[in-house]
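You will see subunit A twice below: alongside subunit B first, and alongside subunit C after that.
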Partner chain A sequence: MASVAERLQVSPFMTFYIIMSMQIGVGVLGFQRVIAQTAGHDAWISVLLAGASSHLILIVLYWLLQQADGDFLLLHQRLFGRWVGGAFSLWLALYFAAMSFVVLRTYIEVIQVWMFPDLQTWEFSLAFLLLCLYITVGGFRVVVGICFFCLIIPSYLLFTFWFVLDHADFHLLLPILDHPPSAIVKAAGQTTLTMLGYETILLFYPFIKRGAQSAKWAHAALLATTLFYTLLTVLTLAYFSEKQLQRQIWPTLTMWKMVELPFIERFEYVGIANWLLIILPNVCLGLWCSSRICKQLFPIRQKTALLIIAAICFFSTLFVHDRKQVDLINTILNRTGFYFLYIWIPCVAVITYIVKKVRGNV
Partner chain B sequence: MRMRTALLAMAIVAILSGCLRKEILDDINIESAVGFDEAGKDKVRGTILIPVYKKGETANKTLTAVSTTAKDVMEELQYKTSEPLVSGSIETALYGERLARKGIFPFVDQLRRDASIGTRLYLAVVDGTAKHLLEGNYGRQGSGIYLSNLVRQNIEQRDLPKTNLHLFLKSYYADGKDPFLPYVRRAGEDVQVAGVALFRGDRVVDTLKRNDMFYFKIAVDSYSEGTHTIRLANQNFVSIKNISTKRTISFSGPKTRPSIHIHIALEGAVREYKRGAFTFAVRRSVEKTFAQQIRSKTGALLRRFQEHQIDPVGLGEFAASHYRRFHYRDFYKHYDQLPIRVTADVTIRYSGIIE
Partner chain C sequence: MTAPPESVWTALQTLGSSMDFQTKVYRNETSGLLLWVSYVEPMVEMETVVRSIFPYLFHCPFSSLEDMRQILPIDDAYISSDPADVKAKLFEGYLFIRLHETDETGLLVKAQKTLERTLTIPEVEFSVVGPKESFIESLETNLYLLRKRIPIDRLTVKLTRVGTLSKTKVAVVYLDGIANPDNVQTVLQRIKQIEFDEMIDSSYIVQIISDNRHSPFPQLLDTERPDRVAAVLAEGKVAIMVDGSPHVLIGPTTLVEFFSSFEDYFLNWTIASFFRLIRLFSVAFSILITPMYVATLNYHYELIPKDLLGTLITSRREIPFPPILEVLFLELTIELLREAGARLPTKVGQTIGIVGGIVIGTASVEASLTSNVLLILVALAALASFTTPVYKMGNTIRLIRFPFLLFAEVWGLLGVAFCFCMVMTHLLYLTSLGRPFLAPLYPPRWRDLKDAFIRLPFTSQSKRPETLRTEQPIRFSGKKVRKKRDIDE
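And now, the complex of A and B:
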């Protein structure tokens, strides 16, 4: 490792902001409905379970990074050879690019349904991707800066849920554990989807000064996200009755419809506009990770890779037209992310462990 | 290179922002209230209220159209205006009683589906027709604001339980609860809250009179402020203010046929006492009489709900949070025979600034 110059690196505690801003994305606007469908009013327990499982996976991720001197792609190569390992890495690059594209397209749908029905997808997509390119071309440190500000600035939105408390019936959450454990675990599986984002550590780890020290900050980020999701789930379950919740595509936005401030009639417009800041680091870091892999795999400059990936993302957004398709791309991405973290990563860990035992080093 | 990208991005953002449809306040009609009535077989009459802002005061304009579905009515109305109608600031939706007895859900659905309409919107059932009510001129700020203030004031200070579009839908979709809405009536150049309309599903099945509303509110919601007058013996009366209540619902017995116990703890202060000094003994007797009245009146209301097979309190929902593996169907099968016991505990804290 040590291939990254110190002037390009960031402090370990920035890991907190990177991971948390990456985890919180468009999923927050609507994940409650899906998990409540499976686990009913016990869904908040599933969120806690999912949080706990992501901590375990994160431990594995850090262990793997240490085995390969901080370079996950190198680990792929050493374990599977140049070509097969490279193919796996390329697949990872595709995954991150798809992440940017899916987040962007889902957000555009929200704008089209809630604010501007006659907004053309390509208009917003182009403008937004140009902004993201501008940020990512500036390098990793600029992306981290965006992560930091885009987590801090919209954090005031947390206070808006105070208005919801007035209409929350917490007895709807009782009796606790009224659903079979299998349903709760299944809903936990569905929750992991909104927790995705921390796997980016595999790529940006070399850019952290004294990388090993960042582990505690990464765990802190996971914990904060889990608590935030749990709080939001509890509020949602108390705010809606069960069948009413099943009819909301974006429960979080519907909850904002209750906010009433003297100077603003429809708060959800402010919320949606602010959500742009929340998805900005999602898209930027997705693009950055994807282009970073391309740079390591192929003899091209990262900027060239960025341009190509952004162009692919742009054209992809044009092919998604309605709610059903948006739902589909989200499902595909989430499944991929789930299999990557909960199947692929443990497999790689086991293989690494065996290889280490046999060869003595990886 | 970086500079050029930045300039290009900024230019595009600036140019694109002009592409969307604008809504300038002077060029649109802002609906402030809507009303729906039955108009013959399978027809609906829709009425919308539009404030017309003049110097110093607000005049009201109403538009009416008849059609078969809620959405059609709105389209019919568009033909009648020179400026586009905008629904973003509707604050009240009214339903004529005859329509409400047949079901209002299709007309509520339209409101909740619209992303521009808030869920704080008030719904109400009108004694008579919504059209007649909306055609009146109330208040100086315009009838729309008058109507929403009327409902809000009655929720915050008087005997109307908390209600709005969100709560209506929440109860409508809940398996263990039935919705209710304020029941309003036009009286000359005023509108008054005449009671509460009780629903089964989306149909009105019963209406409560104004003097039942106090006992209704303490059963379904909690009191935080308000005044209530009770009659004592010898034509004496006492008026209690700053009432705050806390309701506890407990269950015992099997989950298909539970015994239900509703306990109401009430605290208040004396505002007016007709005769004599408000001594400790008088206070005790007032507390006792008040508790007795809550027991009998609230108990009678709950029996009435059982007879109508409706559950505006949400007893089913409370039972579901009390019992594990609860089934609503079994609970409501015997609902009208369930023993419901009401007890009350009244505490008078202050007697004003007079001994």
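And now, the complex of A and C:
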């Protein structure tokens, strides 16, 4: 089950693009407010801390994958038995499906507030999920292609932050470290939602050629994401004062208002339209991972599982109506991801280690 | 489908129902033998027959078919009694000579008429510098043009016949030892599996053996320049030549090759790279400019800087239609002009083209049916779509503009981004002879980018493209160590 035909595999270099495109999602637009509420102008230290911890978790993930021979679901099965292990895997499938759904709904909310107030949730959701189905049905290689292009093409947006530098006052970051460490750590926990995405390695590891060599690319991706987020947080904290920041739900979008180009006036429209490219891999990979788990747990084809999960995502987007509910689903996903990565994975690692010592192998 | 085995006699009887099949009786003066000569008149070169064959037939002494064969100065002559073979050769322009009317065995003598176009300059892929030979419809001449440029034994030609009615000769050409055997096998196998009756042109073959038949993007490159084919064969590709078609197919191919004209290789690499980038920009411009016009004017007028906004609003003030209808009207007019111009005879076509273009354009602006800004944009976009050196890709580009327009009308800028993702996904699905179509972009082959968007000088091109997985990746030794000289040494 863990070995995949070579013609379906991708080179280890692509791990960089997959992980980085999964991590950079809809959270980038508005994560600064939450952490600034907890840690104030030291929030950038929280981001660095969260990034460092993600490296540690990634090491644990790779170790688990080596033990499980590339198949994480098999590990669940071996450790907890067929039914309980299957239940945990199913929960993981729900988690990935929820990730797709939350990302999509949050993005639709951004569009509805900033661009098209009359946009019906269902029409955009339907079209977008159909596009994601088209991509995912093509297989893992097409999904990776989308990850690749959807990271490279919007990368020009980095240059737009140059315009914000003019108005930034870095003195707002001083004095450093005058918040209690507990606040900084708490804020680090709150950035988990934006750092989520690399746990998909558990599912796509068999699709990477020479999987063990992909570790360096995965770590490079985490490093790049951490640096990007830290720089963005620093810039946000330098641009907005603390009170100002509390009033912005999407500080990144507000910062884009500063962009002055001779041929475009309001740049945030272009930015939001480009954001469609950035969230596309998130939703696609989430659907792909989820349907793959379902394929391995139940006797259904992956295409059928994919249709069902996409339908569930579509109907779920209809039930979320206003800002409060969007905020709620984001918080739930954040907490779930945090518990999965920082509590469940270490537990599984410890249990695997013990079982290995006792039994000799898993 | 197997016909019942017929004899030569019945075969000739069936053929006799056509007026152009002749059987004539001649007498050899020396030996007194009677000769029955059968041939299909339009296929035979009568001058050759009268000058080279008949004098020997009528005057030289011989007593059997074997003697005849020795005497005749024609090299391709052999004795046959197979009805299928006789029929096939009669239609190729051979003479069938028998000694008695009911004989089953006869001598087949080649007297083929070869009428073909003279070699002309390429019409579609014209280049200002460089050779100006182009392929013509005859397979033999095309092979001659190709072999002239690669005069080595490794240039392998595999011949098959395709088409039950047309029995077209199809030649698969590749460099043995350089081209990947998988690619060659794929091509040969697919051609062998073609089931078709009348194979007229190489574009029929493209449509049948393509990996993705339903895609508007062409997956095999077609060209009419022998120098281009020679160059890509040296890179390790496979060429398919079809008798009766001046277009030769090349595969496996990638998306970036459809935007490279062969003239790029004749110019200096800096200039060539600049032209390539202009071409890419013009393609992007051509696809996106009218959808952006529709999107910004419908939904995002705040994007336009306020000075330009004034011009746009004045140009649109009197127009009774929403931007999408304006754009569709103009786009359809341009497509109409193009289609009509393609079918009109030359003398009338030029006049109508100029009159139609200028008059319709100016008149529609004066009548306030369209705005002059949009007219400029649509005309520029149409021009830009013709910069693609491959005709088939130009058509695809014009076609893709319409879904973008539709999405721009529905969702504005978001729709344009959405449609772009759709097109990108579609391109990710495509393969050319099993190889990814978007290489060297995805999967990223960094070394192949030297010939994708820019063209690096020939000294950097010492390796063959990685995507082709050739058997000999090194073309020539690129580095010659030059002694480093200091200033004024």
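The criterion applied here is as follows: the second predicted complex is superposed on the first by the 360 of 362 C-alpha atoms of A that agree within 3 Å, B and C clash if a C-alpha of one lies under 4 Å from a C-alpha of the other, contacts with A are read in each partner's own complex, and residues count from 1 in each chain.
Here, a contact is a pair of C-beta atoms (placed from the backbone, for glycine too) under 8 Å apart; a residue touches a chain by one contact, two chains touch by 3 or more.
Remember, it's a predicted structure, so these values are computed and weren't measured experimentally.
**Student:** Using the touch definition from the top, say if A:Ile201 reaches subunit B (first), subunit C (second), both or neither.
**Tutor:** In the superposition, A:Ile201 contacts neither subunit B nor subunit C.
**Student:** Quick one: classify A:Glu265 as touching subunit B (first), subunit C (second), both or neither.
**Tutor:** both
**Student:** Check the residue A:Lys257 against both partner chains and state whether it touches subunit B (first), subunit C (second), both, or neither.
**Tutor:** first
**Student:** In the superposed arrangement, which partner chain does A:Phe116 touch: subunit B (first), subunit C (second), both, or neither?
**Tutor:** Touch partners of A:Phe116: subunit B and subunit C.
**Student:** On the A-aligned overlay, A:Ser241 touches which partner chain: subunit B = first, subunit C = second, or both, or neither?
**Tutor:** first
**Student:** Using the touch definition from the top, say if A:Ile146 reaches subunit B (first), subunit C (second), both or neither.
**Tutor:** Touch partner of A:Ile146: subunit C, not subunit B.
**Student:** Does the superposition put A:Leu131 against subunit B (first), subunit C (second), both, or neither?
**Tutor:** both
**Student:** Once chain A of both complexes is superposed, is A:Asp178 in touch with subunit B (first), subunit C (second), both, or neither?
**Tutor:** After superposition on chain A, A:Asp178 lies in contact with subunit B alone.
**Student:** Should A:Ala36 be classified as contacting the first partner (subunit B), the second (subunit C), both, or neither?
**Tutor:** Neither subunit B nor subunit C is touched by A:Ala36.
**Student:** Overlap the subunit B and subunit C contact sets on subunit A and report the shared residues.
**Tutor:** 115-116, 119, 124, 127, 131, 134, 138, 265-266
**Student:** Spell out the residues on subunit A that touch subunit C in their complex, using ranges where they run on.
**Tutor:** These residues of subunit A touch subunit C: 10-11, 13-14, 111, 115-116, 119, 124, 127-128, 131, 134-135, 138, 141-142, 145-146, 148-150, 262-266, 269-270, 272-274, 276-277, 280.
**Student:** Please give the residue numbers of subunit A that touch subunit B in the complex, ascending.
**Tutor:** Spelled out, the residues of subunit A in touch with subunit B are 113-116, 118-119, 123-124, 126-127, 130-131, 133-134, 137-138, 167, 169, 171-175, 178, 240-244, 247, 254, 257-258, 260, 265-266, 268.
**Student:** Report the residues of subunit B in contact with subunit A in the complex, numbered from low to high.
**Tutor:** Residues 2, 5-6, 8-9, 12-13, 16, 19-21, 88-89, 115-120, 162, 166-167, 169-175, 177, 317-318, 321-325.
**Student:** Spell out the residues on subunit C that touch subunit A in their complex, using ranges where they run on.
**Tutor:** Checking each residue of subunit C against subunit A gives 299-300, 302-306, 308, 411-414, 416-418, 420-422, 424-425, 428-429, 438, 441-444.
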